[in-house]
Amino acid sequence: MLYHVRMDVLIPTDMDADKVNELKATEKALSQKLQEQGKWRHIWRLAGEYSNFSIFDVESNEELHDIMMSLPLYPYMKVEVTPLLRHPSSIRDDDS
Amino acid sequence: MLYHVRMDVLIPTDMDADKVNELKATEKALSQKLQEQGKWRHIWRLAGEYSNFSIFDVESNEELHDIMMSLPLYPYMKVEVTPLLRHPSSIRDDDS
Amino acid sequence: MLYHVRMDVLIPTDMDADKVNELKATEKALSQKLQEQGKWRHIWRLAGEYSNFSIFDVESNEELHDIMMSLPLYPYMKVEVTPLLRHPSSIRDDDS
Amino acid sequence: MLYHVRMDVLIPTDMDADKVNELKATEKALSQKLQEQGKWRHIWRLAGEYSNFSIFDVESNEELHDIMMSLPLYPYMKVEVTPLLRHPSSIRDDDS
Amino acid sequence: MLYHVRMDVLIPTDMDADKVNELKATEKALSQKLQEQGKWRHIWRLAGEYSNFSIFDVESNEELHDIMMSLPLYPYMKVEVTPLLRHPSSIRDDDS
Amino acid sequence: MLYHVRMDVLIPTDMDADKVNELKATEKALSQKLQEQGKWRHIWRLAGEYSNFSIFDVESNEELHDIMMSLPLYPYMKVEVTPLLRHPSSIRDDDS
Amino acid sequence: MLYHVRMDVLIPTDMDADKVNELKATEKALSQKLQEQGKWRHIWRLAGEYSNFSIFDVESNEELHDIMMSLPLYPYMKVEVTPLLRHPSSIRDDDS
Amino acid sequence: MLYHVRMDVLIPTDMDADKVNELKATEKALSQKLQEQGKWRHIWRLAGEYSNFSIFDVESNEELHDIMMSLPLYPYMKVEVTPLLRHPSSIRDDDS
Amino acid sequence: MLYHVRMDVLIPTDMDADKVNELKATEKALSQKLQEQGKWRHIWRLAGEYSNFSIFDVESNEELHDIMMSLPLYPYMKVEVTPLLRHPSSIRDDDS
Amino acid sequence: MLYHVRMDVLIPTDMDADKVNELKATEKALSQKLQEQGKWRHIWRLAGEYSNFSIFDVESNEELHDIMMSLPLYPYMKVEVTPLLRHPSSIRDDDS
């Protein structure tokens, strides 16, 4: 099942640089693992903003929640979740 | 180049049913043609709302605009456009 | 799977009274049928407003969407959908 | 009498981890006690957010207020209270 | 029990003047009857706006809702309901 | 003359507890003195929120301002002021 | 006593032109009479918008309200009222 | 040329009192100097809020900007600027 | 002097097509005349929206206002005006 | 391709003055280099605010993003990006 998630990352400007880089590295590694598993189907960067639009393909609301809570950057995120479904006009067979 | 577009469709409730159906049919046909051309890469329905999130893959802002203006339902839409780019964490080679 | 839906009903004040009553009657009948099926688990009225909070228990985003689109009053509604999951503090075994 | 409450928890990211866990533990214990008493009738987690929708069944506005003020996490919450009543379409006899 | 209600009245500018006056007259009569009963404890006009702040003293959310729905002007109102309780600093014995 | 004031109190969660209690005590004492003088006519607590709706009966905008600025908790408040007048439907002779 | 009022005028685009001109003429005449009386102390046009900021000098909230309700364009206005007082830095003796 | 400026002052509650008083004193002195020069034509306090509405009479957008940037309290302000012009109904000859 | 203006055009969907085209044609002609005069320095279309960002170079707030009021499409516009000035980092000598 | 970007700069008031000046200097130098390259086509200051409207002329969303991320002041900015295109009424041949 598909979910659209907007994530706005707001890292305190006075946070220790090493900690920030470590957070980002672990976030990237986890994201890529979830992408390989097909859970995190799409992730795009919003031009000019430290934000992304992502499409998750998971079994349930629970699974989406667990994934979000597992993200190292989660505590520094504003999150907006929108449940999606296949659009009647869609011609793709991999968009549901 | 990728653009994220949110379209909220607000058709007047007192509009003639035949006209509405005709608008929807021509909208669907045009959308599917653009999808076949690869311009309209993704379209998802927001659960519970007469709205969609779409991802367009076009050459320029102009091309996106011309597409939007060509949609039969455009006059009945509230539109939000967000330019996207490939995310540094993305592992897909077809998401830029 | 659970979804929280807020529905604000905005019926045009100049709509024919009979049509309004008919819409409301068919809406009520459909809602009660869905409640009997266990799909529409809860529906509460917001004090002082022509709005409701509802909890749906359905298999997927698609099923939620189909239900919403089937509601006679849907064209006159503003809808907000929030996917839910069981809360780690919940002691009820029928709240997921 | 029923109240719908949205609670968004915003714990400072630089708070001591032990204190956070202690707050969460006492919050959970109190919540479960109130659920056992039937005061806190429902609590659901919003997918992807550190927030919940709850339904309280209490005698009065005062009782609701006292409960909210007693929550260990209250100082870190944004709260929205909406008084509810039985919906005329509801078929459940335990939803008022 | 006390409720604070803000009512913003938005009567269509092209509505027949007689109908408007009749609505206002019946609204006033009903309001005054409810005030005499002690249900509608306070009603104040917002300076410069066709709006009021009211304080209702009723037994329950249901009773508040029934009163609001009975108001002739209700279909032309935007309504905001806030449940109240006695303030710990209040010295009045008639403000709860 | 009457004014409706909404006060949302936002005390920093890391403020010294003794200072907070002292602020609250002096605030309460001042509020009660002003209530005795008839300046602060009503104060109600919003259920579930550290906020109040108050009705002030003062001679002028200046007097209202001076009172607000004198409140110990003022620096920690978000304030919304709405000038009121007697409502044409009001039957009370002490609501203006 | 001073009040700051923002008035946004929203005249339906399909209203009869003569009626519009007549409304505007009577509005202007009334405004100028009130200015001569010193009630309507200032009126400025917002550049690019069919709106004004006005400063009223009246005895009470009631008087402000009566003036606003007497304006021919009132039914077509969105109004925001803010009570003012002399600023401690003001050097003018005619700004309170 | 006239500009309407709203200034909301938000001084951190933990700022050193002497520094605050010094800032306020220099702000007042500068404001009064600009008023004497006729640049800062009006300044009013919003009742109940640490905010002001001001009317500036300056030669250009640049001059307004330079004045705002020169204010000691500027770093602690939220500012809203609206360009004004003489209103066609105004009877004053000193309001443009 | 420079002003940034956002114009969102909202033409009623049931307006007569000929009238719409005529409005658009006269709007375009007037806009181009003002551009030739150097008053309307820039006009850009927002991708996907029937809106524009424009930069006007005029002598005063008044002149900007008169231009806006002269636009045939003005009655169907939502307008936002922001006064600009040369940026200290700008290297262009034609951007003030 | 053109992009309209609004940048609101919010530097913490307690940041070390030297660091602030250094950030501003490097920001200015980078901005001017990008202007010389024709990437940063326009930059205007909003009168009274520490904000700018800029027009970028770049090849793609990616390039815009990289530029924004390279700005020393970026961590202290709130950014709004709007893709633009040539307006059909524009008479300039250098505004696309």
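Note that the chains are named A, B, C, D, E, F, G, H, I and J in the order they appear, and that numbering of residues resets to 1 at the start of each chain.
Please note the rule applied: a residue touches a chain if its C-beta (ideal position, glycine included) is under 8 Å from a C-beta of that chain, and two chains touch if they have at least 3 such contacts.
For reference, the UniProt names are A, B, C, D, E, F, G, H, I, J = Muconolactone Delta-isomerase.
Just so you know, these numbers come straight off a predicted model, no measurement behind them.
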{"item": "Subunit I (Muconolactone Delta-isomerase) and subunit C (Muconolactone Delta-isomerase) - chains in contact with each", "value": "B"}
{"item": "Option reproducing the contacts of A-C, where over half of them reappear, out of E-G, G-I or B-J", "value": "B-J"}
{"item": "Centre distance in Å when subunit E (Muconolactone Delta-isomerase) and subunit J (Muconolactone Delta-isomerase) are each reduced to the mean of their C-alpha atoms", "value": "50"}
{"item": "Distance from subunit B (Muconolactone Delta-isomerase) to subunit A (Muconolactone Delta-isomerase) - Cα centre to Cα centre, in angstrom", "value": "22"}
{"item": "Chain centre separation (subunit D (Muconolactone Delta-isomerase), subunit E (Muconolactone Delta-isomerase); CA means) in Å", "value": "29"}
{"item": "Junction residues of subunit I (Muconolactone Delta-isomerase), two or more chains touched", "value": "2-3, 45-48, 61-62, 64-65, 81-86"}
{"item": "Touch relationships between chains, expressed as pairs", "value": "A-B, A-C, A-D, A-J, B-C, B-I, B-J, C-D, C-E, D-E, D-F, E-F, E-G, F-G, F-H, G-H, G-I, H-I, H-J, I-J"}
{"item": "Complex contacts: residues of subunit C (Muconolactone Delta-isomerase) adjacent to subunit D (Muconolactone Delta-isomerase)", "value": "2, 4, 27-28, 31-32, 35-36, 42-48, 52-53, 55, 82-92, 95"}
{"item": "In the complex, subunit B (Muconolactone Delta-isomerase) residues that touch subunit I (Muconolactone Delta-isomerase)", "value": "3, 5, 12, 61-62, 64-65, 68, 75-76, 79, 81"}
{"item": "Residues of subunit B (Muconolactone Delta-isomerase) touching subunit C (Muconolactone Delta-isomerase) in the complex", "value": "13-14, 45-49"}
{"item": "List of subunit F (Muconolactone Delta-isomerase) residues in touch with subunit G (Muconolactone Delta-isomerase) within their complex", "value": "1-3, 60-62, 64-65, 81-86"}
